[in-house]
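Both complexes shown next keep subunit A, but they swap its partner, so subunit B is in the first and subunit C is in the second.
On to the complex of A and B.
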C-alpha cells in the first residue's frame, strides 16, 4: 500500500516532521513533554519491531518475553559485573534471539500457526515473567530492582538529562523504520507475504517456510530485546510486570494494530495515540480508574479487529486512496 | 546408435507408497516408474487418491510407507520447497493464487524462489522477464496490474501452470488443469501441456478425472481406484480394460443418469 507520505510531498513532509522532532528539545519545553515523547519513541520502536512479523500473519502475544530477556540480562550484567549496557544490550538481545530461535523452531517445525502461534507466545511471555519473579535472589522478584546510579555516565548508558534519551530513542526508532524499508525491498518480504497468505502454495514454488519465518522472528526479537534495554535504562527500574508480563505483551500488538501494522507509520501513530491517552487518563483521573485502561484496551482491540482490521491509520489511507482513485477516473 | 546404448532414464520412481488417514487407506502399495520425457496420464474417479499421490510426491504429505525417488535420489519426506528446488513443480486442483499479489508477481515468486541452487541467481528484473515469458507461453492475457481475482476459471488454471513453469521444473505434476473448462478452453489447455513437454522438454504427469482430452494426448495411462493402481498401459488398452470400465466408466454412467 502506498502511503500519502510517499507521493511527491512525502520527502518534504517527512523532513519537516523530523526537523521539528530534532529541534523540539532546543526550545526547552517542559521535561514532562520530553518524557512523554521519549516514551512514545521507545514504544513506537518496539511496536514497529513487533509489526515486522505481525504484518505477515505471525501474531505474537508474547513479545514481553524478548523485552524482559533483553532488559534483565543487560541490567543484571551491569549491576553485578559492571558491564556497560552498551555492550550488555548486545548480549541481552542475543538472549532474546536465542529464546525466539528455540520457540520459533519448535512452532514452525511442527506447523503451529495463526491463533495457535499467538497462544503459545502468550504463554511464553508469561513464562519469562514468572521466571524473573522466581529468580528473586538476583532479580528482586515481583518488586523489581533499580539500576545502580552512576550519575551522568554516557559510557554506561546513563545521562544527567532526559534529552539524551529523547535523541537516542529517536535514533533507534529511525533505525527500526529504516529496517522496515529494507525488508520491504528484499526477497524475504515477498517470501513472507506469500507465506502469510498460503503456506502450501508458497512452499510449492520453492519458498523455505521455516527459514523465512525464523529470520523475521529473530530480527523482531533482537530489536525488541534492545527496546527492553532502552526502556530500562531510561526508567532505571526493572519490574517483571512492566517488562514481560501479559499486560505489556498485549499492549505492544495493541499499539501496532490500532495504528495499522501493514503500514510503516501505523505502529508509531498507534503508539502516539495510546501513550497520550494513557497519560491523559492518568493525569485527569489519577488512581481512581486503575486498570481501566486494560478494560478499554480489551474492548477497543476486539472492536478494531472486527471493524477496522487495517487499523486507524491504515483505514484512513485506504479511504484516501479510494477517493484519489475515483477522482482520477473522473478527470 | 546400437539399441544397447539407448538408456532410458527413470526420472521418478515410487516404491510401495502407502498413505493412511486414520484407518482409511488413501493410497496403498503404489509402485510406479516415470521415464524422462514421458507424458503420463493419471486417472481415476473422485476420491481415488490422485491428488493425495501428488501431495506425497511434492512433499505436502509424508507417505505412511514406501519410497519416492527422483533422479535416483530418495526424496521421501523432504519439504515441498526442497522438492521444488530439485525440479518438481506442481499445480493445484483448486487454484491457489496469492490474492494480494498481482498475476505477474505470483509467477515471479516461482522464478525468484523456485530454482535456487540450480541455475543463475534471479534478480527482480530477470524474474519479472521470466514471469512474463511464462505468462505468454501459457496464453494468459493480463496487464501488469491484473489481480488474480480478475481471472476466469481458465485463467486461474493457466496462472497455476505459469507459476509452476517459472520454477523451471524438469517434472511437472499437473492436477486437473482442464476441469471446469469449456470445450475450446480444454483444447487450448491441452495444447499448452503438449507444448510444455515438446518445447520445454518437461516430463509431465497429468491428473484428470475426465478421460476425454487426456486419453488423446498422453502416451501411457495409470488408473487409480480406491488408492490402488488397477490398470496401466496405452490409452487404447486401458480404456478397454474391464476393471477400468467397471470402476471408472461405470461410475461416470451413474453420474449421467
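On to the complex of A and C.
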C-alpha cells in the first residue's frame, strides 16, 4: 500500500518532521516534555519491532519476554561484573534471540499459528516474569532493583542529562524504521506476505516457511531485547512487572494496533497517541483518585479498538484512498 | 513427607473441582463465540467483591448475596457481549483479544478505586475435617461438592433443553445453525450470560477460601487458560479432566517447592502441551 507521505511531498514532509524533532531540545523545553517524547521514541521503537512480525500474521503476545531478558541480562552484568551496557546489550539481546529461536523453532516446526501462537507467546512472557521473580536473590524479585549510578559516564550508557537519551532513542527508532524499509525491499517481505496469507499455498510454491518465520522472529526479538535495555538505562530501575509479563506484553501490540501495524508509521503514531493519552489522563485524573486514570485509559483503549479497527493511521489512509478513488471515477 | 504430598494431592483434587467450573465457562465461550475471554478471572474478582460488600456492608445473608452476585455477573456478561464482543465479532482476532484485555485494565483499576489495594474477606470458619491422617478444609470440600453439582446441572442444561441444543449446535457450526433458524446473536448473549453467572458461582464458592484484592483475577485467568488448552480448546470433557490434573500438579509442586515455581511448572506444562499436542489431551485436531 502506498502512503500519502510517499507521494512527492513525502520526503520534504519527512525532512521537516525529522528536523523539528532534532532541533526540539535546542529550544530548552520543559524536561517533562523531553521525558514524554523520549518515552514515545523508546516505545515506538519497540512497537515497530513488534510489527515486523505482527503485520505478517505472526501475532506475539509475549514480547515482554524479550524486553525482560534483554534488560535483566544487561543490567545484571553491569551491576555484578561492571560490564558496560553498550557491550552488555548485545549479550542481553542475544539472550532474547536465543529464547526466540528456541520458541520459534518449536512453534513453527509443529505448525503453531494464529491464536495458538498468540497464547504460547503470552505464556512465555508470563514465564519470564515469574522466573525473574523466582530468582529473587539476584534480581530483587517483584521489588525490582536499581542500576548502580555512575553519574555522567557515556561509556557505561549513563548520562547527566535526559537530552542524551532523547537523541539516542531517536536514533534507535530511526534505525528500526530503516530496517522496516529494508525488509520491505527484500525477498523476505514477499515470502512472509505469502506465508501470512496462506501457509499451505506458500509452501507449495517452494517457500521455506520455517526459515523465513524464524528470521523475522529473531530480528524482532533482537530489537526488542535492545529496547528493554534502552528503557532500563533511561529509567535506571528494573521491575519484572514493567519489563515482562502480561501487562507490558499486551501494551506493545495495543500501541501497534491503534496506530495501524501494516504501515511503517503506524506503530510510532499509535505509540505517540497512547503515551500522550496515558499522560494526559494521568495528569487530569491521577492526582484525585488512584486508579481512575487507568479506568478511563482502559475504556478509551477499548473504544478506540472498536471504532478504529485498522488503527488511526490505517483508517486515515483508507479514507484518503477512498476519496482518491472516487475522484478518479468522477473524472 | 509422603503423607504431606498425598494431602496436597487431595487438596488439589478439591481445588480442581472449582477450577473445572471456571474452565467450563471459558471453554463454553470459546466454543460458541470463538473468542478468548481474556478478562474471565477478573469477573470472579468482581463477584468476590460484590459478595463481600453485600454481606459485610449491606448486611444481607451470605446465601442471598451469593445469589445476587451470580445474577449481577450474568448481567455483566450480557453487557460485555453487548458493548465489547458484539461490535467486534467481524474484527480481526487480535483486536478481539486486545479489547477483552482492555477490560482487565478497566476491572482491576475499578476495584482499586472502589475498594483500594487491601485484602478483603468474609471471616467464615468452616471446620477442618480429619479423615485418617489427612486434613481437609471444610470450605474446600464444600466448594468441590458445589462445583460438581453445578457442573451436573450444566450438563443437563446443555443436553436436555432446547437452548442447550442451540448452544451446542452453534459451537459445532455457526453457519449451518443459522439455516436451521437459530438466531446466533441471541445464542451468544445466552452463552455470555451463562459464562458470567458461572463466574458468580465460582466467586460464591471461593468466598470461604480466599481473600480478594484487585489483582486476584489474573492468576485464575491464566490457570483457566492452561486447563482449557490442556483439555483441548472447546472440549468440555477434556477441560473437566485437565482441571483435576492441573489442580493436583500445582498443589503438590507448591508443597514441594514455592508457589512461583508451581506456577512456572503449570506454565511449562501449558507450553509443552501447545507445542506437542495443540489439540489437547482429548481434542481432535480441527484447525
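List of remarks:
We adopt the following convention: the second predicted complex is superposed on the first by the 308 of 331 C-alpha atoms of A that agree within 3 Å, B and C clash if a C-alpha of one lies under 4 Å from a C-alpha of the other, contacts with A are read in each partner's own complex, and residues count from 1 in each chain.
Criterion: contacts are C-beta pairs under 8 Å (C-beta built on N, C-alpha and C of every residue); 3 or more make two chains touch, one makes a residue touch a chain.
Keep in mind the model is a prediction, meaning the values are calculated, not measured.
Once chain A of one complex is fitted onto chain A of the other, the partner contacts of A:179 are absent, as it touches neither subunit B nor subunit C. Of the two partner chains placed around the shared chain by superposition, subunit C is the only one that A:250 touches, whereas subunit B remains out of contact.
Looking at the shared chain after the overlay, A:194 reaches subunit B, while subunit C stays out of its contact range.
Within the superposed three-chain model, A:83 lies out of touch with both subunit B and subunit C [touch as defined at top]. In the superposition on chain A, the chain among subunit B and subunit C reaching more residues of subunit A is C. When the shared chain is aligned, subunit B comes close enough to touch A:206, but subunit C does not. When both complexes are overlaid on chain A, the residue A:21 reaches neither subunit B nor subunit C.
In the complex of the two chains, the subunit A residues touching subunit C come out as 54, 59, 61, 106-107, 110, 112, 114-116, 118-120, 123-124, 126-127, 130-131, 133-134, 246, 250, 253-254, 257, 289-292, 294-295, 297-299, 301-302, 305-306, 309. By the touch rule above, subunit B contacts subunit A in their complex via residues 58-60, 79-81, 84-85, 89-90, 92, 96-101, 105, 108-110, 112-116, 163-164, 166-167. Interface of subunit A with subunit B (complex): residues 187, 190-191, 193-194, 197-198, 200-210. For subunit C in complex with subunit A, the residues that touch the partner chain are 36, 84, 87-88, 91-95, 97-99, 101-106, 108-110, 112-113, 218, 222, 225-226, 229, 258, 260-261, 263-264, 267-268, 270-271, 274-276, 278, 287.
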